[in-house]
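Look for chain A in each of the two complexes below; its partner is chain B in the first and chain C in the second.
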Partner chain A sequence: MSMYLEMIRVRFLMMLAYRTNYYSGILIYSINIGAYYFLWSAIYGGKEEIQGLSVAQMTTYVAVAWMARAFYYNNIDREIAAEIKDGKVAIEMIRPYNYLGMKTMQALGEGVFRLLFFSVPGMIIVALIFPVRFDANFTTWIFFFISLIFSFIVNTYINLLTGIMTFFLFNNSGLIRAKRVVIDLFSGLLLPISFYPDWAQNLMSYLPFQAISYVPSMIFTEGFTGEEIYHALLSQAVWVVILLIPIRLLWSQAKKHLIVQGG
Partner chain B sequence: MNVIEVQNLRKEFNSYTSRPGLAGAFRDLFTRNYKVHAAVDNISLTVKQGEMVGYIGENGAGKSTTIKMLTGILTPTSGSIMVNGMNPHKQREEFVRTIGVVFGQRSQLWWDIAVQESFRLLKKVYRVSDEDYNRHMGHVIETLEIGPLLDKPVRKLSLGQRMRCELAAALVHNPPLLFLDEPTIGLDVLVKLKIRKFLQEINEQYKTTILLTTHDLTDIEALCERVVLLDEGKIIYDGKLNQLQEHAVEGKQIEFEFLSEVPRSSLPRVENIQWEQKDATTWLGYINGDEQMVSRLISDVVQRNPIKNVRINEVSTEEIVRKIYEEGMALT
Partner chain C sequence: MFYLSLFFQYASQYLKTRLTYRADTVIEILSDLLFQAVNLIFILVVFRHTAFLGGWNRDEIIFIYGFFLVPYAIFSSFFNIWDFNDRYIIKGEMDRILTRPVHSLFQIILERIELESLFGAVTGLLVMGYSIVNLGLTFTWYDVLLFIVMVFGGAFIYAGIFISIASIGFWSDSRTDIMPMMYNISNYGRYPVNIYNKVIQFVLTWILPFAFVGVYPASYFLNREEWYGYAFFTPVMGILFFGIAILLWNAGVKKYRGAGN
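Our next item is the complex of A and B:
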């Protein structure tokens, strides 16, 4: 266990090694939130609410969705792909740990770093400029954080799956890019799921993507209430379990398939 | 005790060949020509504890593939492997605790963080106690002279500095078996000497078994008594290095440098000697036969011709290996 904690620490150090990335990240996220804020205020015009969300809720939804993204978002799919492509995965195989477990811990290290040093200060800046409401009650915060942890796990699992695919495809940068767009679109980051047409909502309820962004944001903005919250958390938990199966299967295949490229 | 036991080990790779031209590329989209190629072809090998074995061969002879199978990275196509009493691929996590690996061509340190952070992480990964770590690594760091490098990020180190740190990183858990895949590639003579001396030391002190691949045969000469020679996936020689020298090259080479130009006719005509002209005033004589011939030949030549320099050349391992690859192995 202590080696996993150590890995999180190392990831912190690595994030700190690149300070410019860190500062520009805060700026980019703030700009994104600003752009969506103005876009949504224009769409709302004089209307009180659309699809059950008021303007204030919508603004909060956008801000929370982007700040949550800073936590669950990671590049381990691209890292795994790069490590396979340049043969670094060979080094990982001679270590007495589970490669995927270690990758997950690195992602967590990155996530916690961004949550503390990126989302929190970012949120303060955003709250000063835009009318974002943080007056959610204590239980909502608790549910939100539980949901956020699930969304991290689901997103990381999807990244692991995409990364492992490199073992079979050798070059999957296209797949990785496609996955990113699909997640941004279908997770409810760009547009809340309730805004999609019914047939699309129906389809998406069978996909794991809304567990990533839509659920935590809706919980925080109190778009979900009572029963709905438990239902949403349960669906997230179900996806956490279901996604483990293809990861296990693909990984055991991948290890047999491993060809260390170059050298 | 055998540290490594390998029987009839074989590794095949499927490779495909691309058809030429645009039409060929389109055909490749649907069907591809696959070709099975055995990188390692039925090799058997045993290594005892405390041995230092040089594993040599041309590029693509299958050295790295063998090492990757021995370390559990690759699954063999067929054959059996027992290393440290375990099957490397089946018991991977338990097994890799008992080995250390250095790949000369890839870094196993974390690129962006200080060397000591990598060591600290490895210490945790291999569950080394503080006490063991301080005692053992203190010594390693001192011998490899990497103390001043510890707080620098790996990307700022020179190749020689990095290689020494890599070696130290592979030894954090003081493994009884060490695989070194081209550890001295691209290093200058001083660093090479330092690394060799260090390897000899840990071999003596801890009875660490070392399997070494390299293209620099002086490494092998300095370190290994035993060599295993690999060609196209097969072992063509496995035995003592000096025996290889004795058997593979018959006789000696004597270089005569004369004061003036000397024609072939003024050199002694003896059955067992072959002459080869190096330049106008230098001739090389190859002697097949007993040691006596050498002194007789020298006195013969020196009496007849004014001489500037005479040199008896010991044939280097490099030359032996070159000869083996070009002409095939003489002994079986």
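Our next item is the complex of A and C:
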């Protein structure tokens, strides 16, 4: 266990050493939030609310969704793909820890770093420019953080799955890109799931993606209330368990399948 | 003529390498398509809940997006200089470029060509076709010529902005994140500029004129006469920004001293 904590710490310190790289990231996220802020203001026009969300809630939704993304987002799929390609994965596999566990811990170190040095200052800046509301009550914040942890796990699992696919596809940069686009759309980052037509909402309820962005953002903006919150958190927890199965299966297949290219 | 034959030689070499890794090329084209689909889905879903976006209806917004895809496809096929600083300055590849008797920028364009991005133009034409049918737009023969002029105007604006930023690398080889920032700002150009506040409108028109890649030229074909002045200015802006970029580039090359060792 302490070994894995150490991995979190090392990745955190590594990110800390390059922290200036992240100031521009905050600016980039603010630019994106700004674009969607104006877009949504124009979409609302004079309307009071759309699908139960007011303009103020929508602005907050967009800001929270992007800043939460800073926490759950990571590139371990790319890292795994690179390590498989240059053969480093063979060395990692004989080391006395679980390779996928290590990757998850590195992702967590990165996530915690981004949460503290990116999301928090980013949120303050965004709140100064745009009418974002942070007056959510204490229990809402608690639920938000619980769902944020689930969203990190679900997203990381999907990244692990994408990374492991490199064992079978050899070059999966296309798949990695496609996965990113799919997550942006179906996770609720760009559009709240409730805006989609019913058949699409139905379809998406069978997919893990809304556990990544839609659930935490809706909890924070209080678009979910009472029972809905528990249902949403439960669905996230279910995905955390279900996604473990394909990871286990593919990983045991991958170990048999390993071909080190070059190396 | 020499430049033209060089272009075709590079292009044919490029196609050979892409055809070797066929599966990868197909997946890349599909993921581009997916990315374009996402933006379209966004527009379609949003217009289920509103009739107008800053005074533009659904099919007009779709047309603007379709138009935007065409110059953007040309830009991303031929002007992949977003990693110029890393690839050419820091790794010293620029020295190799400068020993050859062809203009340095032209060589870099040839080396970084990505022809499969041109599929985006096909998507753009199809998207525009869909909206033209819905809006019942009609065109005359010279509209085709104007379309080509405006598309190239837009592509040159994009190229001009990104070449200018790449040129910064000649003066400072430290890592900057201006490039990714610019890609994000360029997203603002996909929607009508009148939904933004005055400052952003001004920036998108005169400083980082991404509005000239989407909404302004598209408004000519949508018969939005209030924007005609801007629409016809598109090729002028293209030539202007591309010209400035070339001047900056040439000044930068003169200044270039190499990255050491």
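By definition in this document, the second predicted complex is superposed on the first by the 259 of 263 C-alpha atoms of A that agree within 3 Å, B and C clash if a C-alpha of one lies under 4 Å from a C-alpha of the other, contacts with A are read in each partner's own complex, and residues count from 1 in each chain.
As a convention for this text, a residue touches a chain if its C-beta (ideal position, glycine included) is under 8 Å from a C-beta of that chain, and two chains touch if they have at least 3 such contacts.
It should be emphasised that the depicted structure is a prediction, and the values quoted were computed from it without experimental measurement.
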Room on chain A for both chain B and chain C (clash or fit): fit
Which superposed partner A:Gly174 touches (first chain B, second chain C, both, neither): second
A:Phe138 touches, of chain B and chain C: first, second, both or neither? neither
Partner chain in contact with A:Tyr206 - chain B first, chain C second, else both or neither: neither
Touch count on chain A, higher of chain B and chain C: C
Chain B, chain C and vertex chain A (Cα centres) - angle in steps of 10°: 90
Which superposed partner A:Ala90 touches (first chain B, second chain C, both, neither): first
Shortest span in Å between Cα atoms of chain B and of chain C, once chain A is used as the common reference: 7
Residues on chain C engaged by chain A in the complex (per definition of touch): 21, 23-24, 27-28, 30-31, 34-35, 38, 41-42, 45-46, 48-50, 52-54, 175-177, 180-181, 184-185, 187-188, 191, 195-197, 200
Footprint of chain C on chain A - complex, ascending: 21, 24-25, 27-28, 31-32, 34-35, 38-39, 41-45, 47, 50-51, 171, 173-175, 177-178, 181-182, 184-185, 190-191, 195-197
Interface residues, chain B side, partner chain A - complex: 13, 64, 68, 71-75, 92-94, 96-97, 99, 101, 103, 105-108, 110, 112-114, 117, 120-121, 124-127, 153
Residues of chain A that touch chain B when the two form their complex: 2-3, 6-7, 10, 13-14, 17-18, 86-88, 90-91, 93-98, 255-256, 258-260, 263
